[in-house]
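The structures considered in this document are given below.
What follows is a pair of complexes built around chain A, which joins chain B in one and chain C in the other.
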Partner chain A sequence: MEQKKHKISMIEKRKEVLASLENLGLKTYEQLDSGYFPSITMPSRSTENIHYDPQLRQYILGDRTVRRSTRNIRHLKPFTQLVWAALFSHELTSQRKTSTLRDVYYSAQAYEMTFTDQEESNNIVTDLETVLGFSREDFSIFPEERSAVFGDLTIEYTVPGYEGRTLNLTSHPDGVLIGPALTSAEFVKTTADKVIAIEKGGLFTRFIEENVHKKFNAILVLTAGQAPRATRHFIRRLNQELNLPVYIFTDGDPWGMHIAMVIISGSANAAHLRELNTPDAKWSGVWATDIVNYKLPTDPLDDVDVKRLYELQKDPRYKDPLWQREIKTFMKIKKKAEQEAFSRYGLTYIVDEYLPEKLEAEK
Partner chain B sequence: MEQKKHKISMIEKRKEVLASLENLGLKTYEQLDSGYFPSITMPSRSTENIHYDPQLRQYILGDRTVRRSTRNIRHLKPFTQLVWAALFSHELTSQRKTSTLRDVYYSAQAYEMTFTDQEESNNIVTDLETVLGFSREDFSIFPEERSAVFGDLTIEYTVPGYEGRTLNLTSHPDGVLIGPALTSAEFVKTTADKVIAIEKGGLFTRFIEENVHKKFNAILVLTAGQAPRATRHFIRRLNQELNLPVYIFTDGDPWGMHIAMVIISGSANAAHLRELNTPDAKWSGVWATDIVNYKLPTDPLDDVDVKRLYELQKDPRYKDPLWQREIKTFMKIKKKAEQEAFSRYGLTYIVDEYLPEKLEAEK
Partner chain C sequence: MAQTTFEEISASDFFYRNRDIAGFTNPSRAIFAAIRELVENSLDAAESLKIPPDIYVRLSYEGEASKETQIYRLRVEDNGIGVPPRHIPSAFGQVLYGSKYKLKQQRGTFGLGGKMALLYGQITTHQPATIISSTGITKIYMYKLMIDIQRNRPLILDRKILLNKEQWRGTIVEFTLEGDYFRAMPKILDYFKQTAMVNPYANLTFVDPKGRLYKLTRITKEMPEPPKETKPHPYGVDVELLQRLIQITPHKNMLDFLKNHFHRVGEVTAQKFLEFSNISPSKNPKKLTHEEIVRLMHMLKKFKDFLAPDASCLSPLGEELLKAGIIKELKPEFVAVHQRKPATYAGHPFIVEVGIAYGGEIPKKDGFLIYRFANRIPLLYDEASDVSVKVIEAMNWRRYKVTPDMPIAIMVHICSTKVPYKTVGKEFIADRPEVRREIANGLREVARQIQRFLTRREHVDREKKRLGVFSKYLPKIAQFSAKLAGKEKLPDIDKLLRSVKRFGAEET
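Right after this comes the complex of A and B.
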C-alpha cells in the first residue's frame, strides 16, 4: 500500500475544523471589540456564480461574493443563525456527537434560536460549509442514509470508546455500514488495488458471495442508488489516500449514468466544496453499448428518461466523447437495462465474464 | 441468556427448506409416474380468504384452497413457473447463494422460462411461500433494502467462508448490516435483556453514541422506515429465541404507528406466513399523548394523514384500547411529531428522560 505523503490524519482534520469554527467566533468578537458591526463575506452560491471548471472537472463558485452585515436589519437574523450553527457544530464536534439536518432544525429550539422551516436551517448549514470550506460531515452533521463497504481494508477508529481499535472491512460478510464512525476512521492497511462501486444492494451481495473482492483485489462499495455524501467522501479518500483507481457500475439508464457522474464530478449545489468528488473515477457500465454488445434484456426508455438524456447531453460534465457516445446510443436504441439483466446468462455471468472484460478495457 | 429449549438451528432449518423443495418435486414425479396430471393444492390468498386471527394477533388464510392442475391448459404455465421457482430456489439454497426478486425475474431467462413481467414472477415466488410455508428469505430470495443492528450479541456465521466465525454486534459503532449472512447466523450469547427498535437512522446513531445499549442493556435495531422483511424476521428471532421483550420507537404519526404494527402483527399480504411477526412487541412511542405530555414541536396533520387514521381506526389489528386511544388523540390534536422533535430539549433529552420514562411505563 502506498500512501500519499502529506496525508492529513482524521484527528488533525478535526482539529482544523474546530479551529476554523473558533476563528469564525473570534473574528466576530474582534469586530465587536473594534466598534464595528460584525459582518461576514463569503462566495455567492447564486446560479450566475456557479461555473464548471474543466481542469478540476467539477462545478466551482466564481468571484462574486455576498456580505452579511449585522448593520443591515434584514441580515441580522441569518447572521445570528449562522453563528448559532457554528456554535452548535462546535459543540457536536468537540463532544464527538453527530447529528442530522433534521436534528439541527429541532435543536435550534433548545437554544431559543428560530428557523421558519427546515429549508431555512438547511440553507444556513450550507452557508457554514461555504464559509469554512469544510463539508457538514466534517463538523458532525450527517445524512440519514447509510451505504456499505466490503473488502480487505483495515481501519482504525477515532470515535469515543473505540479509539485505537481496528476493524478489517471483511469482518461482516453483509458489508460494513458507512456511518460517522467509519467515515472518521484512519486507513491502516490494505492489499486491494482497486475500488468497485456498485449501485444495487442485491448485486453488492452477489459480488461478496462470488468473492469479487479476492478475485479482483477490490474494495467493494455499495452506493445504494445515489451515493450519500459520506459515501462519496469515503470513495474519494480511498482514491486519494490509497491511490486506488475507482470503477463504478450502475444500471444502464440516464439515472445510473448520473449516479456515476455525481461520484466523479459532484453536483452544482455542492460547487462550494471540493472533498466530495473523485474526478479520476470511471463509469464502467452498464453502458448503452453494453446493452447492444451483450444483448441484454431491456425495457423501453420512458419519456422522462429521454428528457433526462437531452438534459445530460447539454451538461458540461458530460462533454467527454465516451459520455456523449453513450447518451447518443441510449437515444438511438431507445432502451435501458438494469444491472440484474445479466442474470439472463446465469447468476455469475456478470462476475465471470462481464466484470473482467470491462476492467480490462478500462486499463 | 435463556434460550428456548426447542430452538431449531439455522443449519437444520436450511435442511428443512431443501427437503420441502425436494418434496415438491418428488410429488410431481409421483403423480406423473402414476399416470396423473401433476397438480398442486394450496390455500387461497384472495381477499375473501384473508381473516384476522385475534389469538395469533395476525392475518391468516382461511379454509379456501386453489388447485393448479396441469390438466387445465390455463394452469400449465403458472404450474411450470412454480416448479421452476422451486428448482431455482433449491439451486440457490444448496449452493449458498442469495438473490433478489428482480434477479429471479431475469434469471428465468437463463432457463428459457418466461415471465410477462416482474409482477408475475413476484407472484409465483409468493405462491411458493404459500406452498412451502417458508418465507422467501428462507429459500435465499432477499429484499434490496438493508437495515442495521447494534448491541452485545455474539453471532456465529453459517455462510460459506465464515462458518464457525463469530462476531459481536458491537464491533462496528455505525451498526451491523442485517443481510443474508446475519440473518442466517446462530445466536451465541448476549447480556442484553431487551430489544429497542428505532425508525430513524440519525436517532439510531444517537442511541449508539449515548451508550443506550449499555445503559439500558439493549440490542438496538434500526428499521430504516418500514422494516425490511429480513429485519422483521430477525426481531422475531431475538424475541423468540432469546426471550427478549421488544420496544418500538417511531415518529408520532399514522405512518410511524403502522411501522410498529407491521413488526407486531404483519400485513394482510403476508397472511400465508407466520415467521415475520412479533406479536408481543410493544409500540412505545412517539404516541399522540406523548406529543401532548412532552409539549413537542409539531406539524399539522395532512389530509392523507387523517385519511390514514380513519383506515387504521377500522383495522382489526388496531382494536386494542391503547391504539384506539392514540388514534383518537391524533384526530383530536390534529398534529404529528417526529422522533427528532425531542431535540428541542437538547440532543440527549430523548435518551436521558423520555426513553427511561417510557420503558418504565411499559413494564
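Right after this comes the complex of A and C.
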C-alpha cells in the first residue's frame, strides 16, 4: 500500500514538472503572440530576501519579487536563456534522460545560445528552479555524483531500460552512487531502523568493513563533504517515507558541524526550494565535548576556523542550546579533531565504543 | 693690423650667400622649395584674374650631379595673367623686383621665391632659364636668360616672339637645378595634396622623374573673392615703409599725407593724430628728418583712436570651399569648418579659418593629423614650433569627447596681408596672442560641432546595438517557447520588433 503510493508520487511529480515547464512556455508564447514583451515574476534571491523560518526549520525566500521583462534590454539575454533552459529540461525530463550543470553549459552552444561562463549557466538553472519551485534534479539536471549509500534497502528503478528492476543496496561493497537513477528510484523494502550519514569516505568504508549496517541496523550514507542536494533529498526521503531517524557523523570542527546543519536545516542558497532538508536529523558527532571526553588527538583551530565559529554563533539555525554549547566549547578548547582521530584507540573503537554511546545518547 | 674691406653687395649676391633663409638649405629641401615657389606664383597669377588655375608641373631627370644629387629639369606651366613682355627679364632675372609690394593678401610676399629658384638652378647647373609668357595678346614671348649675380641684373641670351594663334595666356618657366628628388618626394606629394585641399578650384598636375602622374582635379569652379589692394594701416608701418611713402608722395603737408596714404585715416582722425603727436599739419613730409620719421612711427603706434583695419584686402577661402577641399582630399566621414571674423595684430588684418575632419579615409594614429595653411599655402616644416600646434596641444579635447586615438585631422588657415611668419622660409607662424586667441576660438567652435556629431553617433551606435539585441533574442524566445508549449506555428513577433524600432526612432 505504502509503496504504491510512493510510486504514483514519483510519476505524478514528473508530470507536474513537465506541466509547469510547458506552462512557462505557453505563457511566454501567448505574451509574444499578443504583442506583449514577455515577462516573468519570481521571488528575489537577494540576501535581504532570505529569511529563516523557524516553523519549517529552514531558510525561505521572503515576499520580495523580481520581474524579468524582455522590454528591458539587460533582461533579454537571461530571459532567452531561461526559456531555453526550460525547453532543454523539458526534453530531458520527457525523454527521461539526465544532464549535469556542465553539460547544460555546453548543450546551449548547440542552440546558438551562449553562456559567458559556467557561473552564468548555473545561475539560469537556479532561476528556473525559483520560477518553477522545483529543484533541478526534478527536471533532470544533476550535479556530478560523489556521494554513496550502503545498507539493507531494496529499491526499484524507474529510469528507462531499468523500470521494475530491483536492487538491494548491500549488493556492492563500495556502496552505490547516489545518482539520477537512484534518486528517482522507489523504495521497496528495508529492515534498517536508522540512517547514519558520514562525512568522509574512509570512515564510510570502515563502517561497511565493520558491519555497522548489521550491528546497528542502519543504512549508511556517505555525504563526501558537503552533501549534494540530491543526497540531501535522498536522506529526507529515507526519513520521511521510511520513518527512519537520521544520525550525522562529521569531523569535529566548524566545517563538519555545518555539513550536519545543512542536512538538517538546508542552505541559504537553496532558500527557494523545499524538501531538501531533514529537520529531525541529529548531529551525533564529533562534538567539541567529545574531544574533551574521549581525549582525542587534536589540531589547533586556525584563524579561519575561529572566524567561522563566530559566524555560526550568530546564525539563526544554530540557536538551539546543543549547538551553542558546542560552539562555545570549540572556542574554549581552541582545538579540532577529525573523525579518524578515534583510530588512536584501535581500528574498531569507534564502532564498538563511541558509536553505541552516541546513538544511545541521542534517543 | 688686419685690413677690413667694405664692399657693397647686390640683393642677388646677398641671397646667393644666404640662401638658407629662403628655404634652399640642402638638395632635397631646394627641389621642394623650387616647386613650391613657382606653383605659388602660378596660383597667384591665375587668381588675380579670378580664373580657376590649371597648373602643370614636370620634373625630369637630366643626369648625375654627385653621388647623392641629380640634375633635374623643372617645368611649371600656368594659365595665369601672364607677364607683360617688357617686364619678363626683370621679373625673372632681378631679385626684389616684382608686383608684390602692394598691400593685399598674396601667397608670395617678398617677390623673392621664384627668382631664388632660378638663381639656385643657375648656381648649381650654370644653365639659363627659359621663360615663355603671354598676356593673351597676339604674341607669345620667349626669353632665355641668366642672372648677373653681382649686378642683380638679367642677362638676356635669346629672345623669340611667336604668334599666339590660339590666344594662349599664361606663363611657362623651365630651368635645370640640382637636387635630391627621392628624399624630397614625400614632402612634395604632401605639398600637392595639401595645396589641393585649400585650392579646391585648381587643377594640379605633377609628372615626377619616373614618369608617374599625379593629378589633382578641381571639384568646383567657385573661387574666393580676390583681395582688394589696400593702403597700410598706421599701426602696421615701419620706418622703411614711411621713408618709401615720403619719397613717392605728391602731397606737400602732413595732413594730406596722412589722409591719402593710410588705411582708415580721414580728415578728423588725421587732425586728432597731429594734435596728439604735436606735429604741425602744414609740415612738408619730405622735410622730415630721420629722427622725426622714427618718432612719427612711434607716435602712430601709440595713438589709440585709429579705426581697426577692415578686411576687404583679405581673401579667406570661405567655409564652403574649405569644406569642399577637405572632403575632396581627405574623404572623411564628418567635417566641420568655421571662419572667424576679421581681427588684427599690429595693424595687420587677418582671418583665421579652421576645420576638423573625422573618420573615413583619415588614418588612425597616435595624435591628430595637423594641416597648417597660410594664405592658401601649406606649411610643411617645423610643425612643432607653429602657434596652431601649440593651441591644439593646449586644448582640453576630452571635453569635446575627442581623444588622440581617433582618426582626426585638423586644419588651420590664417590669411593676412602680412602673415606673421617666424622666418623668410615661410614654415611656421609666430605665437602672437591675437592670432593664438583667434585660432583657439575657432577650434572651440569646430570642436563643439564634432562633439555633437560624436555624441549623436554614439547614440546611433547604441541604438543599433540595442535593436541588434532585440532582433537576436526575440526570435529565439519565440522559437523556444513555441516548442515548449507544443505549438506548430511560431508566435508573431513582428509587431514587437516594429515597436522596438519605433521606440528607437523616437529616442534619436
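We adopt the following convention: the second predicted complex is superposed on the first by the 351 of 363 C-alpha atoms of A that agree within 3 Å, B and C clash if a C-alpha of one lies under 4 Å from a C-alpha of the other, contacts with A are read in each partner's own complex, and residues count from 1 in each chain.
Everything that follows uses one rule, which is that contacts are C-beta pairs under 8 Å (C-beta built on N, C-alpha and C of every residue); 3 or more make two chains touch, one makes a residue touch a chain.
Everything quoted here is computed from the prediction, not taken from an experiment.
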Partner chain in contact with A:G202 - chain B first, chain C second, else both or neither: first
Touching partner for A:L32 - first (chain B), second (chain C), both, neither: second
Partner contacting more residues of chain A (chain B vs chain C): B
Touched partner set for A:L24, first chain B, second chain C, both or neither: second
First (chain B), second (chain C), both or neither touched by A:I235: neither
Residues on chain A lying within both footprints (that of chain B and that of chain C): none
Touch list for chain B against partner chain A, complex: 96-100, 102-103, 105-107, 109-110, 142, 144-146, 148, 157, 159-162, 167, 171-182, 200-202, 205-206, 209, 211, 297, 338, 340-347
Complex interface listing, chain A residues touching chain C: 21-22, 24-26, 28-30, 32-33, 35-38, 70, 73, 76-77, 79-80, 83-84, 86-87, 90, 111-113
Touching residues on chain C, where the partner in the complex is chain A: 466, 469-470, 473-474, 476-478, 480-487, 491-493, 495-496, 499
